Structure formats: C-alpha cells, structure tokens
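Should a chain be cited, it is by its letter among A, B, C, D and E, assigned in written order, with residues numbered from 1 in that chain.
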Amino acid sequence: MRRFLLSLGLVLGLCATGARADLDPAALKGLASDDFDAKQAAITQLAATGDADAERVLKALSDDALAVAGGRVVITAGGQVLDAASGAAIKPAPANLESIGLNNALRQQVDGALAALRLFSADRAERLAAAKLLLADMGDGATLLPILDKAVQAETDGEIKTILAQLHAQARLTSPDAAVRLAAVQALGESASPAVKALLLPLIEKQGDAYLETDDKVRYAAQTAIKSIEGRLAWSETAGQIFTGVSLGSILLLAALGLAITYGVMGVINMAHGELLMIGAYSAYAMQTLFRAQFPDFVDYYLVAAVPVAFFVAALVGMAMERTVIRHLYGRPLETLLATWGLSLVLIQAARLLFGAQNVEVANPVWMSGGVQIAENLALPWNRLVIVAFSGFVLLLVWLMMNKTRLGMFVRAVTQNRPMAGCVGVPTARIDTLAFGIGSGIAGLGGVALSQIANVGPDMGTGYIVDSFMVVVLGGVGQLAGAVWAALGLGVVSKFLEGWAGAVIAKILVLVFIIIFIQKRPQGLFALKGRFVEN
Amino acid sequence: MRVESSISRNAPADGQTEHWDGEASTGHVLKPGELDLSHNVILYLDDITVSFDGFRALNALSLQIDAGELRCIIGPNGAGKTTMMDVITGKTRPDSGKAFFGQTIDLTRMTEPQIAHAGIGRKFQKPTIFEHHTVFENLELALKTDKSVKKSLFARLFGDDLDKIADTLKQIRLADQADRPAGLLSHGQKQWLEIGMLLVQDPKLLLLDEPVAGMTDDETERTAELFVSLKGKHSLMVVEHDMAFVEALGGKVTVLCEGSVLAEGDLATVQADPRVIDVYLGR
Amino acid sequence: ADTIKVGILHSLSGTMAISETALKETALMTIDEINAKGGVLGKKLEPVVVDPASDWPKFAEKARQLLSQDKVAVTFGCWTSVSRKSVLPVYKELNGLLFYPVQYEGEELEKNVFYTGAAPNQQAIPAVEYLMSKEGGSAKRFVLLGTDYVYPRTTNKILRAFLKSKGVAESDIMEEYTPFGHSDYQTIIAKIKKFAAEGKKTAVISTINGDSNVPFYKELGNAGLKAKDVPVVAFSVGEEELRGVDAKPLVGHLAAWNYFMSVKNPENDKFIKMYRDWAKKAKLPKADTVVTNDPMEATYVGIHMWAQAVEKAKSTDTDKVIAAMAGQTFNAPSGFTLKMDETNHHLHKPVFIGEIKADGQFNTVWKTKGPIRAQPWSPFIPGNESKQKL
Amino acid sequence: MLTVTNLNQYYGGSHILRDLSFEVPMGKVTTLLGRNGVGKTTLLKTLMGLVPAATGSIALAGQDITKAASYNRVRAGIGYVPQGREIFPRLTVEENLQMGLATRPASSQVPARIFEMFPVLKQMMKRRGGDLSGGQQQQLAIGRALAPGPTLLILDEPTEGIQPSIIKDIERAIRALAETGEMAILLVEQYYDFARSLADHYLLMERGEIISRGTGADMDTNNVREMLSV
Amino acid sequence: MRTPATVKLVAGLGPKGWLAVAITALVAWVLVPLAHLMLPESHPLHVSTFAITLIGKILCYAVVAVAMDLIWGYGGILSLGHGLFFALGGYSFGMYLMRQIGREGSYQSDLPDFMVFLDWKELPWYWTGSDHFLWALFLAVAVPGVIAWIFGYFAFRSRIKGVYFSIITQALTYAAMLFFFRNETGFGGNNGFTDFKRILGYSITAPETRLVLFGLSVALLLGTLILGRVLIASKFGKVLTAIRDAESRVMFIGYNPLHYKLFIWTLSAMLCGLAGALYVPQVGIINPSEMSVANSIEIAIWAAVGGRGTLIGPVFGAAIVNLSKSWFTTSFPEYWLFFLGLLFILVTLYLPQGVVGLWAKLTRREAKAAAAAAKAETPAAPAPRSTPTPAAELPAGAAKGASA
C-alpha cells in the first residue's frame, strides 16, 4: 500500500513535467508529527511532488538533518539552519531545534523514494547508486513499472542499463500477461542474486492445491531459472564458506604467532599471552584516541600508527615480564605457567583500573569498513581481507626473524641449550629478553588485528588463550609451518562444522577432533623428527 | 613355513602390539622357556635397512650373535652402531629386514617395554638413570621382578633381592653412595650405575653402547673383567672405540661401516685388515 | 547499631565485571544520596561491598557472609540468572532480602527477592509486537539468535510460542545459539542473509550476551546487512555496552528496555547528573563519558523503594519490609511512576523501543502508554496460567 | 695465559674444589687428569662461569674474570668443549658451527681447517646436530670451539666416543695448535696415553685437590698412571 | 637404613602422622560440632555456619589439590582437566539432590524444574536410578573414573606427554563445559542444579546435616592423604616418579608406563569425583562453570602454592589460596586480583617448593645438623642442560618440585 502510494505519487510527479508545485506546508508539518501514519503520509506526499525541493527535504530527512523549530520545519546544514519549504537560510538561527527522527520503516520509504527520484539524476554515480539500491530492495514491482519503463529508455550508461533491465524484468514478474511474465522470468534466469531467487520462489509455490502461478510455461521457466540461480549461488556460497574459514584461521594465527615464539620456541607456557594481545588492542585504542584528539584529519590512519606502537608497547611489557619474572624460571616450564597466570591476573586488573571494566570502542577505519562484492551473495569484508593479509605479513616477519637472522639463530640456540649458548659467547640473558620481547610484540600486533573485529576490554585475552595454545600444540611445538596449517585447518573445519551443526556443537566437535588428532600425532601436525626428540 | 606360523603365534599381531598390556602378554611372550635358543643364536639380524631422509644409516645389515657370546662392535663414527641398537630395542623401526631374538621372537613387531621384558637390556651412549632416586632405588626399580602395577603396589624387598642389590652395588663400586640421589653422581659413576641397573635386570642379551666412555683406564679394565665374567650366562654386544678395552674383552669383533658389516673376526685379524685401518683405525 | 548495613553483591572482577561494576557504582551513589538526605529511619546506610568475582559458588558464599557475618538488612546484587539461582537458597534459608535489577527470563518468584528488572513480557514480547507492526516494518520471518544459556533459551521459547500464536510458521523461524564469548559471527551472518533472502521481511531477535555483541554487530555491518533491511532487536545491549562499540555500523538497529538514558524528563536529568557527578567524585575511569542504563535505573529504583518500605515498616526486618514493599511507588528516571506489584514482587514498568544512534544513545521509536505488569510466569509456557503470584 | 688461585667450589654442602691454584701457559698443552668424580668437570665449569666460584680468583691473560659472565669469558678468548658434547640439537651442523662464531662479526666464515680435521662435518652441513652419531657430535663440538680461534682452549674428555683414526687426527691438531704459540690448551683426559703424548704439563687431581703436577715428561716417572688407578 | 619399599600402612604414616590424623579427626568430629551446636553465636569460640560451609568447601578443594598432586607432583603429568572430574562427581551427586527435591519445585512436578520447563515428559535414560543415594555416590566415582580411564588409556597409549597432555585435557574440559551448557544435554544448562532441599531425607540446611557433610569432607581428605602416603611410599610411587623423570628408561627396564599412569590418573579422577560429590551439597550449586579452564588451572595452582611432590602441601595450598581469595574479595574487592596474582608470582619465584618447602627450609635452618643432607636434596640445576623441546622439559620441570 505504502509502495503503491509512493510510486503513484512519483509517476504523477514525473509526469507533471514543468509544473512546479510548491511544497505543501501541511506535508512538512506531517513530517514532524509523532504519529507514524501521519509521517508516512507526509513522506508519500512529498515524494509525489517529485521536484528538487522535495528531494532536498527527503535527503535531509534521511540524513537526520531535519528538525522542528518553533513549529517550523527546518533543515540544519553545516551550522546553518534553512527553512525546509524554501531552502532559504533563517537568520538568526532558531534555538531549541528538535530533530525529526526516522525509524527503519520510514527510512526505507524515504530511501526508496529518493532512489526513484534519482534514477533521473544527471549524475551517473547517483543514478547507479539509486539503481543498485532499488535492486537490493525494490518492493512492489508492479507500481514501479511505469517509472522503470521510462528510466530504461532514458538511460544511456551500459552498467546502469543492465541493472535497470533486471529491475524492469523483476517489475514485470507480476504482470497479468503470462507472456510478459515468461519473458521476465527468462531474463531473470541469468541472475546470480538471492533477491531474484526470492522473487521467483512464489511462482512455484502452491496455495492449497493450486499453484500460485497458473501458467505452466512460466512455472517451468521459473523452476529452471531458480535452478540455475541456485547453481551460481552454490558456488559463491562455498567460496564464502572457505573464506570465512581462512579468515578465522588467520585470526587464530595472529593470536597464536606470538605464542609460537614465547612458548613454541622459548618454552615459556605464557598464560599472560592473552593479555599481551589485550595490550596490543588497547594500544590501537590509545592511538585512535590520540588521532581523534590531535590529528582528526588522519583519523582513518590511526591503525597504521597503531601497528608499530602496539608492537613496542607489548614488547616492552613482555621484556619487563621476562626481566622480573620469567627469567628466573627457565628450565622450569610448568612454573612459568603458574607465574604467568599470576601476571595475567595482574595485567587484567590493571587494565580494569586504568581503562575501566567496560570495553572500549575501537572503530574500523573507513578503508576497512564495508567489503568487496565478489558475487551477489558473496561480499568479502575489507576488515577481514586486511587481516588475512596482515597475518601473512606478520607470519613472514616471524619466519624471517627466526630463520634468516643471526638473532633468530641465537634465540633457537639459547632455548635449546642455554648454558652452552653462553659458552660459545652468546649473551643469553639479553637474547632471552629480546626474544621474549619480540614474541610479545608479535602478540601485540595480533591484538591490533583483533581490535578490528572483536571486543577491546580487560578480559579480552582470556578468550584467546585456549585457542592459541591449541594452534601451537596442534601444529607441533616450535614449528611455525605447523602453526600456520593448524590455524587455517582449525578455521576452515570450524566454519564448515558451524554451518552444518551450529556454533556450539561445532566448537565441541572441533575440540574433540583436536583430542583425537593428537592421539594420532602426539607431537602435532609437524612433529619434530629425529633422534634427539626422545632424549 | 612352520617358522612363520610360530612367529605369529608368539608375537602379537600389529594391532595388539600397539596397546601392549603388560600382564597378559608378558605371560605369553616372556616365559623364560619361550626364548627359543635351539640353534644357539640369540640375535639374528637379516638385511636390515634404516634410512633417514634418504640417508642410509643401516644398509642391508646382517649379523648374528650366539647365545652366551661376547661380541664387540667397532666402526667409524656414524657407521650405524647406535642405530642398530635402536632397531634391536624397538626404538627405531627398520625400513626393511628382519630382527629375531632367538628363533621365534620378531623384534620388529614389538614395543620397547615388550622387548625389554623379553630379555634385552640396553645401556645408552649417554647414561640415563633416575636422577631423583637414590642409587639404591635405581637398582631396586631395575630388579628383575613382576613389573605390573598390582605387584608394585604391594611389593616388598626380600633377602635375595637385597643381597643381589648389595652385591651389585659392590660390583659397581657405589656401595658407599647407595643413599645419594643418583643425579649427584659424576659421569663415570652414572655409567657404572647404569651398568648395575642392567645387571640386576638379568637380561639374556645386553647391549652396551660405549660403556667405558669417560672411565679411567683402570676402571676400563675392571669393566672388561666384569663383562668377561658375564659371558656365557648372558650374551653381550658391546660397542666401543677403545681398542685396549676391546682387546681385553677378547671376543669376536665385527666392524661396521656405512651401515653394513665390513669385517668380522678376532681383533688381531680385524686390526690387520687394511680396509679397517683405512676407515677406522688410522695409520 | 547506628547504621543500617546494605550488601552490594556485584562482580568486580571476572567476566561479569564488565556489566556489574556500573551497578555497584550506582548502588553506592544511591546510598550516598539517601544518606545525604538523612538516611533511613534516622540511620545512615552503610554499604558492604564484596566481590563474588563472576564465580557462582562464590556468590553463595558471599551472600551467606553478608547475611550471617555482616548482618546486612538488604542486598542489591547479581546480574546473571545463575548467580541469582546460586544465592537464592541462602536468602531463603536465612530469610534475607535481595533486590535483583536485571531483565531476566522469568519462571521464578521468590518471597525473598524483589525483581526490579523486566520479565519477558516487559521487554521481549513488546519488542516482537513492534517488529510485526506496520511501523516496525511488518516482519514476517524471525531469527532468534542467542548465546547458549538459560535467559536466551527461555526467552526464545516464550517468543516461539508467542509467534506461533500470531500465526508465524515454524519454517519462518530460525533459532541459533553461540557459545559464551563467541567472536566469529561470519557463518551465522551468512545464514541470516540466506534466510532473509528467502522470502518476506526478516527481523533478528538477539539475546546475544555481553562480549559477543561487538563482533556480531561489526560483522553485520561489514556484511552489508542494514537495519532497514534486516533489523536486529537486542535485549542485552544498552548504553553501557554501546560505550565499548563503534556504534556506526549499528545505527538503526533496535533495543528494547524499560529505560533509556535519552528519555527526557526531570527525573532522568537529575539521575544522569547525579551519576556523572558521582563518576567524577569516585574518579571512575573515563568519568566524563559515563552513561546510565536500564539495570542501573533498576538498581536506583530498587534502593529507593526499599528505603521507602523500611520507613513505612519502621523496621528493617525482612518480613515487615516485604509487606511494606507491596504497592510502593517511585518516580523513576524513565519518566513514569513505577509501582511494586502487590503480589508478584516485580515492578510495573514501561517498555521503550529505541533505535541505536551513532553516538551510542537510543532514539525512542516506540513506547508503551504506561507501565505494564510483569508476568514472571509466562502465559506462553504451558502450565503457568495459575501461577502469577507468590 | 690462565691463572687460577685458591679456587674453592661447593655443591650444596660438599666441598668439590679445594684451594686449587695452577697456571695454563700459552703455547703449551696442560693436561688435567683424575679419576671419576674428583671434580675435573666442575673445575672447567667454574672456569667457564657456569657455576660461580665460591672463593679464589681466575685470571685470563692477567685480567680477572672470576665474576664475568660466560659469554664475556668467551669474548675474552676462551673456547670450550664440554663433556657430553652439548651441541645444539635442533640447529643444523652449519648453524652449530656458526654459533661458534657468535663472538665474531656476522660475516665471519668457519675456518677451512676445521673441515680438514673433521671431513664428516662438511658432508653433514645440513643435518641437524641432534641427529648426528655420538662421535660426530663430539667432532662438531670441537669444531665449534675452534671456529672463533680462541686463545685458551678448554677440552673436557674430547676423545670420548671418537674413532681411533680421528683421535689421532685430533692429537695432531692439538699439537699443531699449541705449536703456533697462539693458543693455550687445557685438556681434561682419562685416556692416559693420549694425555701423556700431548702433555707439556700435567696436573693430577684427587678429591678436589691437585696432588701432583709437573711436565709431561715427568708423568711416567711420577707414576701418574698408577695414581689414577688406585 | 635399608627401608624396603613397603605398603605397611602404619609404618607408611609414622607415629607423628598418625597423631596428626587423630588430632584432626578429634577436632573435626567432636570439637567443631560442639562449638557449632552448643556455644551461643555470641561466644568467641562459636563456629558459624558460614565458617563450616566455607571450610567444608575448602576441604573438598584440598582433596582435589591432593589428587592433582598425585598425578602432577609425583607423576609429572599436569592435568588441566581436574575441574571436569570434580564437576562430574558434583553433577552425579547433584542429580540425586535434584531428585530429592521431589514435588517441591516451582512446577510441583516429579521432574526437576528445568525439565518441566523444557517440556520434557520423562527423565532421560541417564537419570535412571538417580533417586538412589548409593547409585548417585557410585556414579560420582564411576563417571569420572571411567571417563578418565578411557581418555587416559588413549592418551597414554599414544604417549602424549607434557604440554600436549595438558592442552588436550584442557580441550576435553572445555568441550565438556560447552556440552553441559546446552539445555538439551539434560543437566540444567548453564544454571546447572541448585535449590536443593534434602539429602537422604534430612534437610540440607539443618546444622546437623552440615556437620555431617563437614565431617565427611574431613574424612575424605584424611583418607586421601593416607592413601596417597601409602601409594607414594610403595614401589608404585617410586616407579611413578621414575616415569616422571625418565620415562623411556622406565620402559627399558621393563615397566609399562601406560598402566602406571593410567592407574594414578584414574584414581586421581575418582578422588576428584568424590570431592565434587561432597562439595555440591555444601555450596548448594553445581553448574558448568566448574569446568571452566580457569578453574582447572587454579587447581594446579593450589598444588603449586602448597608444594608439589608433597602430600600435605596441596592441602595448605588449597586453603591458603581459597581463604585469601575469600578474604581479599571482601576486604579489597577492587584490588584482590593484584594480591592473588602477586601471590602466584612470588610463590613460584621464591618458593619453588611451595609453602611447605619454605617451612622445611626454615626448620632445616634451625636444625643445622642436617644441613648437609638437606642441601644435597636441592641440587642446583645440572649445568649444561640439553632437553630441548618444551615437551620434554615438562616432567623435568615438575621434578624440580618433588622431594619425595
């Protein structure tokens, strides 16, 4: 009904070319009403006028820039207050502005109306956006049809035209003429959009005993179309599933990489590892706060600054931990478990006192928001893509550090035989501190990544500690490659199971799987082989 | 073919070997009478090959040791002597080849404790003892008894056992150290203790990997005496690089090189062999 | 004694500290306020703060300590249902008095407890009714999404029955649970997307608990599910939770509560100001950005009502106070005069539905005309019809 | 080169080294003999700083190193072949040798003569140290200690587990190293003949004390062999 | 001086030990009940219900700590799954307690409330017999025992050791926790069991019932300690520590470590189960959070704080940690985590042998005569160590704390 009125209004508006109607003050008043129906009617009425003034008001409404000031509806724009009806600035700006809110239903209506209006905009980008918006949510096609008829004809741009053609086909699905419907169905069969599938579904539905769609040909065509759409969807669904697995895996890997050094290489069962992640995440928060206050223009790049800062802060904390506590516990690995557990309690409570028990807000920078549309039903979020790449980067860093530098060799030597390393001239104490610092710093980097997808709060680390150990142990202690495979494997398996059995059961199954797997390969995926292992 | 069938009867099939349960199969495999020495051969290695990432540590090695024999194995560093012992004790599985203990017991299908139970004792190149236990307890644990959990819960030491431990302590000259934690012994003392642990275990076949490493000449001599005295009652296989020691032992000598037997015979013959001089003794 | 001891039983450490610390502050603030006005029965209130550390048996231990060692007259505390269940036997055994300030699943009514949070009919049901209304977008299909524990499970059970009574087909309901602390919502969001694409207007009803909300909403935003396409209404997301979230991706999503910080009335202005001042005085971290929320308001109301009841009973004796509580009223920051039901120990509360704004506050899009009475025993659960009072 | 004065060392309650004083001169081989458990290894560990000296002093080329950390002693020019090899099991042979160069600039190369002495190391460059046979590991340990060209070389029973031909090589090598006059060598050995043939000086230890000392030539006349066997 | 390994109970404990047992028993079974029931509340020696429940709870924890120490301190196997066995014992007995509520629940049904609410029409099969006290008691021992046995059998057979073992026990516990969280599992979801009313027909809140439960907890602890003492003094104990120190060597002298580990592991789990069964009626609730990873780690910490490789140490550890937790959370609600965290750090740094080690050190100092022998017992780290993999280091690390 709403759609119907809206579209009808649009058609009328569009058809009344040249005849510029003034904005009806009553309609504007309606916008300010507390009553939902009145508001809706007012929007419909405004949309029907279809001119620039109406568009301006609707746009303001959609942008939360419409307000009431002493009974008059006004638009607030960059410190100025404009009269909604005329668009003229009001001076002096009235006080006590009361913003006119929208709810979801109205917002949808406004957006739809704006989109329909903008199909005829001179700006290509605006037309494209409008077409896309309608494609995502067209509503009742039949009433939109006349506008689309016009728009398709008027459109010159290829890309937009394709979309409009699809919209057009969608709109014709409800045509009373079976031949028109058939053509529309056939046209839509080319799509790979779940929305189109949803539109076609009613054509093969039964009501009682009878099919909703009476024409057999249309119904068969719909059947085929749905099949072929489903085929296309299935592909991207699988791709999506694999991506979610990889993405989860990369997060597990980032969470675990630091531990792969501190525990995997150095043998410190670092229960405070999660808190190092937490420190990394709070560093990102601190950088965000700093940028907001000091460099508001570059706020989107706070994350770039957060990477080194998190590394160094976490590394410093790690080095302090090593110097004060862990240093005295080499060769007593299980004691490190206890002491670092104590450290983790201290760090958590310290964060709680410093930043409050509540989570803090860390925003995705704009360039990490949204996603790339791979297929109609497959959008890869930027933040996840960035994190996958970032984990690759950190992995490379760790690998180079451990295997291609003298420091890495010293670290490995020291952890294998500390006194002897001293006896060939390695300053073991310094190397220990440095290595632990690097491991902690890497954990800090993990924390930065986590801040982009999960909570940042004092106990955030506790949620990762079990998973991190699982990854390192499953991969084979001290085996970087093992950790990578373990993380990716766990990610993909988890996500696959989750799709099939739900998150809770999936989690249980994954744990059971780990238990069974370790029975088969007690030393992990990439077990150390060789005669020294046993002795 | 008859041999085959008796193998499968005596040695549990693969699946069972995996989860060896001491009591049940002990009675089966290990009854003293079960070690079949009818051909007077206690150890028979046939065509054993072991490789690590393509490197052949043992290369079609065949070797035979008679019951009661004292055999010395020498050979260059890396010849595969320790690896051979690993194969015999089940620590390393050969890629191919057979290893028989007596006529019937197929070692390649048994786990380490099973093999130990069957009567093969080993001394490692690097002494391994229980550092937190006293010297006495080390011997007590090694003592040849029923080693099931049930027995251990109610075990007591009786006169014979105590005597045996006391004798052994004297033999290995650690009587005055009996109550010290073994971890505090010097390297040489640990070597002796480990030999002592082997002795109380009373194995049929003793594998000794460089037993006199780190001992003084005098101690080396005594060790040789000890081993010679064990000959006959036990079979011994000794790996050493100390030619004086090997000479003192006086048994047959096998020279391993690059994973297979290079020469075999008494020491004098072997020492005269130019190939042995080349790869091992030096000029 | 010349003071009346008041127990405060909220986790200050462990997983629940994130939610409960603010309630401890609110309680201390309210006690301070009452003391500043002369206390109760002419005596000052003396808060006894303990930390049950998010450890459920420890709740019972601390409750017993408060009652038998410290001899508190009343306790304000608990957040999770399990913590409440853990202390209940202690309050019954020692005839103590507990005020519980959090929305919960109902199915409980105890003489020794006053429930100042919402029962399901004061939060969940109105929210779903709203979603089904034209104004709320006429949702036809529902995703019931929750953390796997008793509150979501119960709430969803009630909602299922309710939806059924409204003619929603089984196939139009999808129910999903995640473990505590779940942080990867990719799969679930993909499922929701698929479910939503399969037909009529879909809405998500979220009983996701605490920490999992952030990853959930972030994923939702990045997956391109907008509130106007698939609105999410949450029962555990309030101002305090939103403080820790970049609210931009959440804009337009909904929450149902009995109080929003954004409601405009003198009581609320006073309440907010009082808390802000308190935060500064108590040097709370980030004191300049503190917010108030529904459980805080419920705590505030509870303490005041208790004080009034004590004045009325002229005693802190548990039974006398319980009797005096019936019918107590209080001008709450929600802008309504709340009444303690005469029989069922629950408050009559108004229901607000708000859309999340980018600043983490709520824009009220719907509210009840007045306070509604709680139905702790949901009529949508068979066998409950007879049980609406103690 | 090395001067040890009044050194005392305890393990818990037991007095292991009692008032040891001796010197290890440059360009000479000094052998330390003694039966099992008399404290030879303990002495070397004390020299390396692996266990702290209770009292007494250790000086290297006139410089006091009694309190120095192990790695600083190595920097000062000590090379150490410990008893029991102590190679780095999970590093390759190549890396183990490079570890020997830890005190040298990163670009330093392993001297070729080490591979001449122990050809097997060259063959097994990429194998992990822990996979080597006992004797191979011993060769690696010696090679590692020699790699940086120390001025004082300390060897704890270096012939243990090594095949006779290589023992002969080692003997020749030690002789040659001493003869360059740029290295002092302290050799702990049980193998009398080997010790005898190398010793310029000898020290005989018994229960933590040096009970006999002299030049290598004196060893036979002083009945060192007999004293070792009591 | 040649004390053979023997199981003689009397000799095992020694006169001092028996005296301690007798005194403890007297205090727990006579003095405490008198002080609780006879003395008025105002009397300074009155023992309050609060004290009895708190101490009762800690006694149960102490049993778990000793059980943990048997497997960790002596066996070198760090289990991060003991919380699971404890909880399983608790759940087994909790089922009985739930059934004892009878029709007094909210829904006046024969079924427990949570089942009524979930529309269950009858008890699931695994609740069969849960109304019998003895069956419940049996389950409390058998369920943890069987699960431990099966898990242990496969794990030890595959020679899973050290951290690997710790991590998979952690996985096991975590999986079990998630499983118990589910409402469908039939154990009350995350609320678990609570609101118990009766035990064997006696009111659970009656002072007498509490005293009996308290007395039983003391008895269980004493029993556990005596059993532990006997085991450790036996040859079994020596083999066990030998396995901890050098497992492959033990194999080469003919023992099968699998059976030894499995025995102590299963026994340890069963003791936890019993402790859990006694714990639940005293605290009045059992729910899946008992299976949380942190809980199991804490159990290890009790043992460590008290002193691993000693039997009495874990008892002190459990008491110290839990009492200080109770005290800190009341006295310094905002800062107690600092205290607790620092306690763990300081104990591990300065008291590697736990508080018992400290005590031993102090008494040793007094008795200077024994100095030499005493010092020899704490060897300095044997210098160049060559146990490269952390996995291999685990037992060695555990061994450091042992002074059996």
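Keep in mind that, in the parts below, a contact is a pair of C-beta atoms (placed from the backbone, for glycine too) under 8 Å apart; a residue touches a chain by one contact, two chains touch by 3 or more.
As the structure is a computational prediction, the values presented were derived from the model and not from experiment.
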Minimum number of chain-to-chain contact steps, subunit B to subunit E: 1
C-E against A-C, pair bridged by the larger set of C-beta contacts: A-C
Relative to subunit B, chain with the most remote C-alpha centre: C
Innermost chain, where centres are averages of C-alpha coordinates: E
Cα-centroid distance, subunit A relative to subunit D, in whole angstrom: 63
Cα-centroid distance, subunit B relative to subunit C, in whole angstrom: 73
Cα-centroid distance, subunit D relative to subunit E, in whole angstrom: 51
Shared-contact residues (touching 2 or more other chains) in subunit E: 157, 178, 181-182, 248, 334, 337, 376, 379, 383-384, 386, 388
For subunit A, residues contacting two or more additional chains: 348-349, 353, 416-417, 419-420, 423, 462, 478, 504, 507, 528, 530-535
Interface hub residues of subunit B, defined as touching at least two other chains: 52, 126, 128, 184
Residue ranges of subunit E in contact with subunit B within the complex: 1-2, 4-7, 153, 157, 231, 234-236, 238-239, 241-242, 245-246, 248-260, 263, 376-377, 379, 382, 399, 402, 404
Complex interface listing, subunit D residues touching subunit B: 11, 35-38, 41, 83-84, 120, 127, 131-136, 138-139, 157, 160-169, 190-192, 225, 228-230
Touching residues on subunit E, where the partner in the complex is subunit A: 78, 151, 154-155, 157-161, 163-164, 167-168, 170-172, 174-175, 178-179, 181-182, 248, 293-294, 297, 300-301, 304, 334-335, 337-338, 340-345, 347-349, 352, 381, 383-386, 388-394, 396-398, 400-401
In the complex with subunit E, residue positions of subunit A that touch it: 263-264, 267, 269, 271, 325, 328-329, 331-339, 341-346, 348-350, 353, 415-420, 423, 462, 465-466, 469-470, 473, 477-478, 504, 507-508, 511-512, 514-515, 518-520, 522-524, 528, 532-535
Subunit A residues within the subunit C interface of the complex: 36, 101, 103-105, 107-108, 111, 136-137, 194-195, 197-198, 201, 237, 240-241, 244, 247-248, 251, 348-349, 352-364, 369-371, 377, 379, 381-384, 452-460, 462-463, 494-495, 498-499, 502-504, 507
